[in-house]
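Okay, handing you the structure first.
Just so it is clear, A, B, C and D label the chains in written order, and each chain counts residues from 1 on its own.
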């Protein structure tokens, strides 16, 4: 009871819970699940963009894209480390990903069909991720909060690069403009779904709020995202594919149309355009690398800790 | 002795030896080796051209190329069948190819680097093959001679298509013309080597001539090839990469420069640009197909002979 | 009046893209006989594509100078070859459908009826080839059975689109789903396999291929196919 | 006077093509750490390529609008990634040579000396990365040992070209072969492997890459790399 009181006091004072502190089992489990899902999203999220590394249309864009995807691998590393401070192991978490027992963000189950999709992901998907993640920089669990500070900084850099890349297309040839518009048309609704189900249907929210893991409701964050994107789309010279999108003076927010939650559920259930492809490729990379990891372990066992 | 006399009489009368006829062991072994090498050349020879099927620059050319490579597979089938009439099995011959105990024509150890190489192969490589093979239509062994009649007919069709394809390039844009010239520059000398070492160094020739398997010497055939190609190159508007190439009124033939037999020996010994690649790919196709062949056998064992 | 051209483009793109995939097999097949057979089927399809695209415009302009989102082919035909079982499953699903479509099309008054009439036999051969191999692989060895089942499962999600209506095609495609299902089921069961029961289309962009929405593998297919003519604008080959 | 541009093109193409190959690994590496490391090496090389090609002309024009025969890179760098051991063997052979070349170039009065001076550290890191993995794979498990040896053998034939003179490069390349051999031999033996002894170049077109003669895999690499800019002539990205 004394331990629990300390924990509650830490939360109440908006201070950080650290790895060695006592914490409730549910708090620990929720965090592991959330951080793992977040880490998995980073590494699965490498795929749709890496799909264009070999085909980037200029060397500058190729360099930007490679650096970005590399950052995502780095984010995966920070996040698995944060999860490890809670007693989970990376191998165990990867195993859960590969066997489908843990999820990653559904947004990565959509395909990147043209080069403009890379820009649209940067602008919309990273944009949505930032809005989801900025509040996590104040998450009650220290290692997660600190990882998020670093991640958010990089993500907002990626988001600006995505915007800039889309702008170049929008202001380019008619074909490029059409490519940009098409990408935005395809990524807009899936991006809105990134904030999760409507508050009314959200299962974990109340407890996560109490634990200060979560700070805002899904719908609040989604509204913030819409409000930010509308003027940015105008600046891009692109339209958002929602005829019901309009400013509501009363609410002081943009109204937007109904989201197709059936699609969301389908993708969540594994029937999105790329669910199978993403997991298969991830498993294949992991399986193909097994002999390499084994060799590294065998070498380390013979020669002691890594020389580097 | 009576059998041998019949065999000799058959040869003397320029009649055909048939599978059930008695024949000397050496004759049989020489034929199996030669037919197998020829069959192997057809199937390895699919690779350099198949390399361009997915990248052919017009649908008409793609169709022509697919049909040509398909014909080569067909030639492989006729030839393995001809070898089987001598008591060899296709599996055994393929095994010898895959393990490097039997050869294929060294010409296929050169790479196809541009689309023009497909035309150059048709013109030069198929052209040289025809000159080598037309006399084989009169080979003393019936099944081989008959296979060659059919093969030569198709090869000369391919040769004309190759010429026509090169002509289109030669008469096309400056870039296309340069591409055609470059391909001819790279394929000319290897094509001359297709007739084998100079007569002075040719080991199997005398016996093969006596058995009427071979009808002309390597150098005779090579000269015939040069004499045919020079005016064709002029018609193409392309040059042959040999400064010593000129008409010799006295001989009634074109003189040509010295061939780099070191290169020939190197490629023969396995050090050509593509030896390893060709054999590796062949083995891989064969190994990847093992489970399919096993399934077909298992099915046939359960259900009797093929239903089709 | 020229609405049949929309259909010609859709069917022509199906044939072109599947021919391209089959062309990747040439020289890599499990037996020489299959090198011949797969290339032959590819050639038939390429012939169909040239005829159909030729009705719409310049066949090469259409094949080599359109971008990914302008192609109208089914997502099924662009799926990578995978192992031989995946190729056979793709052929089975596609050629069983194509048989039904071409038969109805041949009997229609569409300007495409003539082509369909001419291809009925070749399409029947393609179907037969796929059926025979489905039987051999399904009822062959333990390994082939596993692979064939996995292939049927993996490609199932691309079959729903086969029966989405195509404007300009005087064939009641949705009505063909039932006979197709009967046909495929009969073959699959004879092969001692089971037909998948999951959803037969991706949640997103249902009927996507016909609307120019493809899968990630398609962009690479086009890059390889188009690179040379794109690199020499205006050249003739 | 501008002869160093010939060298810049050769070295720039090496860096560009190897960066392109390493970019294929991103997301497919054996560990997340290697995703980071291989992409990082690729990025360094891409940086070198942009600097060097930028001296010669417009970097994108050079990268995306030249045909296969105009590229001056070594055949070594265009070899397909193969398994991880092949990639490491390629990195070992190349980065050991590049270390020596950049060190001499940095000390020269070439206009390329500045770049070489700046890249000495990154190239040393690339070499170290390859060395560490050669040791781990060679002296790891039975399987990794076999794979690493096979990779060293398979790529050996492309190493002779590393030391063919490059006009405009004030480095005595043939003289670097001996120190390179010492360096590589030491690593390979420490890894309990043996250095191949066969010919170190293909019989045909020796030194081919520098003369624009490449291997069949290179055409496909270019098709993928160039397709998009070739499809939109004049567009800016």
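As a working rule, contacts are C-beta pairs under 8 Å (C-beta built on N, C-alpha and C of every residue); 3 or more make two chains touch, one makes a residue touch a chain.
Source: prediction; values computed, not measured.
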Contact-richer chain pair (by C-beta pairs counted) among B-D and B-C: B-C
Intercentroid distance (Cα basis), subunit B paired with subunit A, Å: 57
Geometric centre distance via CA averages, subunit C-subunit B, whole Å: 34
Averaged-CA centre spacing for the pair subunit D and subunit C, given as whole angstrom: 40
In subunit B, residues with contacts to at least two other chains: 55, 175
Touching two or more other chains - residue numbers and ranges from subunit D: 67, 223-224, 227-228
Full enumeration of touching chain pairs: A-C, A-D, B-C, B-D, C-D
Subunit C - residues contacting subunit A, complex: 67-69, 154, 157, 198-199, 202-205, 208, 213-216, 218-219, 223
Subunit C partner contacts - residues on subunit D that touch it in the complex: 67, 220, 222-224, 226-228, 230-231, 233
Parts of subunit D lying in touch with subunit A, wherever the complex brings them together: 16, 20, 23-24, 26-36, 39-40, 42-43, 46-47, 49-50, 53, 59-60, 63-64, 83-84, 128, 132, 135-137, 139-141, 143-144, 147, 224-225, 227-229, 232, 234-237
Of subunit B, residues touching subunit D in the complex: 48, 51, 55, 110-114, 175, 179, 182, 186, 190, 262-263, 266-267, 271-274, 276-277
Complex contacts: residues of subunit B adjacent to subunit C: 43, 46-47, 50, 53-63, 66-67, 69-70, 73-74, 76-77, 80, 115, 165, 168-169, 172-173, 175-176, 281, 284-285, 288-296, 298-300, 302-303, 306-308
